[in-house]
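Letters A, B, C and D name the chains as they come in the text, with residue numbers starting at 1 for each one.
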Amino acid sequence: MNLAIDLMQAFLLIAVAPLVSGVVARCKARVQNRRGASLWRPYAELLKLFCKEDLVPDTASALFRFAPAILFAATVTAAAFIPVLHPAALFGVSGDIIFLVYLLAIGRFFLMLGAMDGGSSFGGMGASREALVSALAEAPLLLALISVAILTHTVSVSGIVTTTLQQNPFHLSAVYAFALGALVLVALAEAGRIPVDNPATHLELTMIHEAMVLEYSGPSLALIEWASAIKLTLIMALLIGLFAPWGMATNASITVLLFAPLLFFFKLVVLAATIAIIECSMAKLRMYLVPDFLGMASALAILAVSFTALMR
Amino acid sequence: MGLIELAAAKALASSAVFLFITLLMMAAAKRISTCIVLFSLQSAIMASEILSMAWVGKSAEAYAVAALVIVVKVVAIPCALFRIIKDLKASQDVASSTTGVQSVFIMAALILLSFFAVAPYAVTLRLDEDMLAAAVALLLAGAFLMVSRKKALMQVIGLLVLENGIFVAALTTTYGMPLVIEIGIFFDLLMGVFLMGLFVFRIRDTFEHLDVSKLRRLRG
Amino acid sequence: MTLVLLLLIPFLAAVIVLTCKQSRRAVRVAMTAGAIEVAAIVHAVWRIHTVGVLQSGRYLRADGLTAFFLLSAGLILALVLMYSVGYLRHIPAGRFSSPRWFYSLTFLFVFTIMAVYLSANLGMLWISVESTTLASALLVGFYNTKGAVEAGWKYLVVCTVGIAFALFGTIALYLAAVKSGVDPTSALDWDALMNAAPSLAATSNLVKLSFVFVAVGYGTKIGFVPMHSWLPDAHAEAPTPISAMLSAVLLNCALYALLRFDSITSQAIGSGFSHGLLLIFGCTSVAAAALLMVVQRDLKRLLAYSSIEHVGIVALGIGIGGPLGIMGALLHTFNHSVAKSLMFFTAGYVRDNYGTLRMRRIHGMARSLPWTSVGLTVGSIAIAGLPPFGLFISEFMILTAAFSASRYFIAILLMIALTVVFGALVHHLQRMLAGKRVDLHDRPKLLPADLTVMGICIAILLVLGIHLPRAFANILQQALVVLQ
Amino acid sequence: MMQIVFNSFFSVLLMLPAVTLLCRRSQRMRSLPSMLLLVALLAGTLVAAVSFWQGNGLALDLSWAVPFPFVITVDRLSALFLLLICAVGAPVTLFSTSYIERHYSAAKADWLWRLLPLFLLSMALVVTASTAFAFLCGWELMTLFTAGLILIDGDSEGRRHNIFIYLLMMHAGAAAVIASFFLFLPHASALDYTSMRAAAAVMPAGLRTAIFLLSFVGFGTKAGVVPFHLWLPKAHPIAPSPVSALMSAVMLKTAIYGFVRFTFDFLGGGPAWWGYLVLLVGAATGLLGILYALTEHDMKRLLAYSSVENIGIIYLALGAALVFMANNAPAWAAAALVAALLHALNHALFKSLLFLGAGAISDVTHTIDIELMGGLLKRMRVTGTLFLIGCCAIIGLPLLNGFVSEWMIFRSFIAASELPGLSCAVILPLMAGVLALIGGIAVAVFAKLYGVAFLGRARSLQAEQATEVQKSMQAAMALLAAACLMIGILPGLVVTPMTVLASELLHSPALPEAALSVTRALPLIAACVAGLIVALASFRRIKRITATWACGLPALTSRMQYSSAAFSKPLRRVFARVYKAERTVDVQYTHQPYFAKSIVYRSVRTTSFEKSLYRPGVDAIVNMAQRLRKLQTGNMQVYLLYIFLALIALLIWMRFA
């Protein structure tokens, strides 16, 4: 029974990912008082791309074709780590936060190599900027997760969620605040949202993620787009799991199972709205200000970790 | 016989003073030949002292040593040195790096220093203090002469004075070492002087001058 | 009887070689005399090994310590004679510098060295050490060039002055012995003094005075640092076989004499004072020589300074004392003699081929003189004290003794000095070995004799580096017993 | 039985140089030495593996031959490192059978085949020795043979200077190691490991600290820890590729072995500040190593600096183990030690794979400058994929062995939060941040290396005409890649014996379950990821080859691609203070002012340890020597004065002593 729920959780996360990016786009449109595209447009886009031809540049090697597959596989496996409805996710118990971070690293690494295989300057530019962002984002991400792990005395994601479930929501320690701050900043960098990278534009000066996937088309592009959507949802689910898991189904009764997904989806929409508001209220940071942005995230993470020991 | 006893005792007592006088004159000397004469005078004093000791101690060995001293140090070596000077026709100047007055003062200081150095040993070993002081003074004077004089021949004379010092030390403390050792030391001394003479000729041939302080090719 | 033979052969050889006119006959006579002499040495060492102490007449005596030093002297004599055959054939025969004179003076030099080792009496010991100076002074000034004459003159004067102080020390010891009741006629004999040593404690400050003078006197001959200034000039300007003899045998002679005095003084007033003095000389020698080797420009002067450094190490070995320390020091003298003679031979070949010894002007040795560069590299690795060769073993022994006597300062100083020396050697070596091939068309080629000489040296160093042969270890043990 | 195989392994390694002398003449037996060496190394791997798993201590006593006790025993720790030497040595030999024949003339090849077995023998001797004399012999010989191997490749001015620095630093390090061995003497009867262990227990604290610091400096110099890393980027790149693979992968590990043997086996841990010192130095080494690697475009120098980084990571783990020991948490100390040893083994495997890859590329394109490479994956498919596996492993991506050891290091850092002490509960988790930063930058460095060298358009003619290397070279690299994958997916195979080794060494209870949870989860998750990749890759899709989008320009040239300098530019700006780069741009104009003929941009790192730390030291020694040299004035009177002054000084000293 548990295996069924875990698999269902994973598929739910993968399926709902394009919807979440649709919600974010809709919220942005609403904030900019535009009507915005329909919520289901990302699905249509993925379907369109899957039916198109896969163009491969002549200079590219086999790696160019395998990179999207490896990226998608790694992101999906990472998604299996995150508890959504029930605290025990598919790999949630055995896998842990370090494993999760390094799985995301696989995807990023192969995306960078795929970009450089295209042989054009855009790929190199995107890869070098992605290298900058990911090099500086990895430390605060890991430190923030570690601070939460230290507080809950367990390293596996499900373990963290179960212990935070049992805690009373109102007297959480200051560590959670710092960790949440650091994780939000890093999440924006990882998901490639506004302050760090502008997902909507093709302007060479600003794009990081878009520059890398410029050469891709057809099913490969679909896989990449879907994978980045899953990554966004995965991070939001992680934030929810770590900091606001209440309402998850602890026992397997049907009524709770029906109620839990609704609550989870409501939290996702709230997060999507906040991202949309952040995107509309801020302009993209200049490339050489991103290190300061991530520096601030690292400072928060370091504070979180040192406070775990001080507050003991 | 009393007279000879008296002379021997007097010689024993006063030879140290004569040695000091020769040292001071050697410090003041300007020409090499005067130094050679003073050296042979010094050796003569030493020989007289050995003779008196032999007379007092009645040991045949001491007579032989005294004879050796007279033959080698008083006659043979000075003649050899004079012949070297004549052959080389080198300038007689001593070429000292310290002026005459300074040398004398330094020599006097060395003599005083030797008295202080010897004081503890003379008392504990019940030795004739002033002769031991003379030995140490000769040693230091020889060293000073070799360091301050630039001429090759003066180095030789300095070394001979130093050897004299050691010989006097041996003499006064133990009334002479076994004869074979004494002969061996004399033989070495003679060979040493002979070789130095040979080298002085060689320096003369290769460098055309005898000023030791100019031999400075081998540095570092 | 064997001891008298040891002395007689070199003296007769010196005379006979002087009489024969053509240099070819002189070389042949010298070779045979050399062979007989080496055979006599080996026989004597074997007799000492079996009998223990050989005594003939009042003035000749040989015990375990003598045997050990005789062995190294004999080995180096054989190597030098073999090397000199190749060396002399292209030296212009001057008035004095003909092979005839060269071999007669060398055998005179060997005669004096044998006299030093075999003398039973400290007075005789002084006389023979003084005569080694006289015999070798002519050899240093053999070439009659400006540098050689200057070096010879300085060597003669400085060493004679130094040795004079040693005489004063000997006399002081004689006085101390006579004053504390030893019969004057035998007061200088080594056995008499060793037996009466405890009674010498009464006149302890006189014994101390004598050891200070002896240390400064023989120290000048050994080349401890404040008194070392003559050594680089003499070794650099002497003909190569002679500088090998000087470095490998003469330093050991003076060291042997100092060891004799050291054992008497440590019997009399305890080893604290004498070993303390040796440690002072050892530290100054090792430190100053290591630094000076860094800035040397001439290959032979570099080797001379390395001899000073190794003598310093031997002094440290003895100064630290203990069975391992002294055994390490003795083994170090043997290894160092072999390694240093190998280095001087290769330096000789380099000078023959490149015409100069200034290291900045020597390039491309590896390609133009392959065998000589092998010898030079092996020699440098050996004197730097690296594993496969004997010096690593003796340095290992000395360091072990230093640490177990918890003398940390000395051990650390020694290791820093060894590192600086290693740096200096590699720095000079790599500049000489590398570079393009220099065509040395008309230069003399290596004779098979030269190759065998280098081969023997390398073989000995390797054997001593890996496994101490049983017989050699026994001789070393016997020498140790004498010094204990 | 094992004893016979073990003895034969040693004797073959010893006799092999003689064999190469014999078969120099005959052409037919050219490959005999390599085959013999390969067989010997396989035997060695077998022996090491068996004694590592079962822990039966093999012993070989050669004291009869040498004046000092010379005993070789293979306990578990030695077996692990012997396994490391032989497991990396065998593929490297297989690689060099064809590499050396193609790259070097007959004479040089013979010298290489003489010195290579001796080099391996000296390392094996260092790792299995159980007396000080044997260890030190191996230690010094190892340096000599490496210098010989490097010299074979050529002796130009620059190379000789590098070798000189290498020899001098190794000798200084060896002096420190000798001192740390001998400091046991006053308390130990003989210098063999058993009596040293006993002596370490009774020693005063001051002496133990002295031994620890000396062994840390001595082995740190050989391992390439930051202040002493000067020689590593100078010596590794100029060695022949198989030799630099052995040096980087295996020789650095002998230093780790030495440090572990001293700190954990003899001294058995010490006060907490030892741990913090090692942690600090490890962090500095890791960060500086990877930051210097970032700026390199010479492949072998980049890999050498990345070795410095990985040594830093190993020292971080060792530091953590020391801190755990000080706070008496032996279980977690054993876990940290296992992490360090596993990372040493992993680094040996993937670093040798990368160096052999670099060797294969230089064999085909005759250059190791990645700015002249590009698009090699299309032309050298097998080498490209194997190099990719190596890069993924060194970054620590989950399916490969790098991840397992880094995960364990992270896990032990996190576990430190449970310790009562305040300082370790804060410092160690923060060190996890430093390790993550090092990992992040490593991803950038190896993305640059692989992207610029293997992907995109070929940047030079040689890269254009590159062809695949020989089968034996590919097989060697494949072996190493397979080992990386095997440990990556089934870590239990290697980790369980290591846990036994660590708990034996630290006399601690079994490792905590949490430290090994990854070894359970890895196979399952690996299967899931692999399954997904295969499913997606096999999805048949219509594929059309077109030209890369060039924004309307007629055609893209290779110069339009991002070069390695461009790729690392953003990160170099972030860490500008570490480099203090000196940038020069010189433009040559054609006859009109606005039309530049060529623009050359050069940026050189000005900060270097050599200028700020080593140069002043050497100059001080040389100045002192010059002043001392002036004392030898050449004037004889002055010499006599020295003697008299010495005499007087000693007389005065006598009066008071």
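Simple rule for what comes next: a residue touches a chain if its C-beta (ideal position, glycine included) is under 8 Å from a C-beta of that chain, and two chains touch if they have at least 3 such contacts.
In this text, all values refer to a predicted model and were calculated from it rather than measured experimentally.
J.: Leaving out subunit D but moving nothing else, do the remaining chains stay as one piece, and if not, how do they split?
T.: No subunit D: A | B, C.
J.: What is the chain whose Cα centre is as far as it gets from that of subunit D?
T.: B
J.: Could you tell me which pair, C-D or A-D, is linked by more C-beta pairs in contact?
T.: Contact tally favours A-D.
J.: Based on mean C-alpha positions, which chain is nearest the centroid of every protein C-alpha shown?
T.: Nearest to the common C-alpha centre lies chain D.
J.: Express in whole angstrom the distance between the two chain centres, defined as the mean CA positions of subunit A and subunit D.
T.: About 36 Å, centre to centre.
J.: In whole angstrom, how far does the Cα centroid of subunit C sit from the Cα centroid of subunit D?
T.: Taking the mean C-alpha position of each chain, the two centres sit 45 Å apart.
J.: Mind checking the centre-to-centre distance between subunit B and subunit D? Centres are C-alpha means, answer in whole Å.
T.: Going by mean C-alpha positions, subunit B sits 71 Å from subunit D.
J.: Measure off the straight-line distance from the CA centroid of subunit A to the CA centroid of subunit B, and report it in whole Å.
T.: Result: the chain centres lie 103 Å from each other.
J.: Would you pick out the residues of subunit A that each touch at least 2 other chains?
T.: In subunit A, no residue touches at least two other chains, as defined above.
J.: Send over the residues of subunit B in touch with two or more other chains.
T.: Touching at least two other chains: 143, 146, 155, 212, 215, 217-218, 220.
J.: Note the residues in subunit D that touch 2 or more other chains, in rising order.
T.: Answer for subunit D, listing residues that touch two or more other chains: 629, 632, 636, 640, 651.
J.: Which chain pairs here would you call touching?
T.: All chain pairs meeting the touch criterion are A-D, B-C, B-D, C-D.
J.: Under the definition above, what is the set of subunit D residues touching subunit C in their complex?
T.: These residues of subunit D touch subunit C: 65-68, 133, 136-137, 140-141, 144, 155-157, 160, 163-164, 167-168, 171-172, 175, 178-179, 182-183, 185-186, 191, 621-622, 624-626, 628-629, 632, 636, 638-640, 642-643, 645-647, 650-651, 653-654, 657.
J.: Help me check something: in the complex, which residues belonging to subunit C touch subunit D?
T.: Checking each residue of subunit C against subunit D gives 153-154, 157-158, 161-162, 165, 208-209, 212-213, 215-216, 220, 226-227, 229-230, 232, 273, 276-277, 280, 288, 291-292, 294-295, 366, 381, 386-388, 392-393, 396, 399-400, 402-404, 406, 408, 411-412, 415-416, 418-420, 422-423, 426-427, 430-431, 433-434, 466-468, 473.
J.: Can you check the complex and tell me which residues of subunit C touch subunit B?
T.: So the residues of subunit C in touch with subunit B come to 59, 121, 123-124, 126-127, 130-131, 134, 137-138, 141, 144-147, 149-154, 156-157, 160-161, 164, 167-168, 171, 174-175, 178-179, 184-185, 187-188, 203, 205-206, 209, 232-233, 236-237, 295-297, 301.
J.: Any idea which subunit D residues touch subunit B in the complex?
T.: 629, 632-637, 640-641, 644, 651
J.: Would you mind writing out the residues of subunit D in touch with subunit A in their complex?
T.: The contact residues of subunit D facing subunit A are 375, 377-378, 381, 384, 388, 392, 395-399, 403, 406-407, 410-411, 413-414, 417-418, 422, 425-426, 429-430, 432-434, 436-437, 439-441, 443-444, 447-448, 450-452, 454-457, 514, 517-518, 520-521, 524-525, 528-529, 532-533, 536-537, 539, 541-550, 556, 560-562, 566-571, 573-574.
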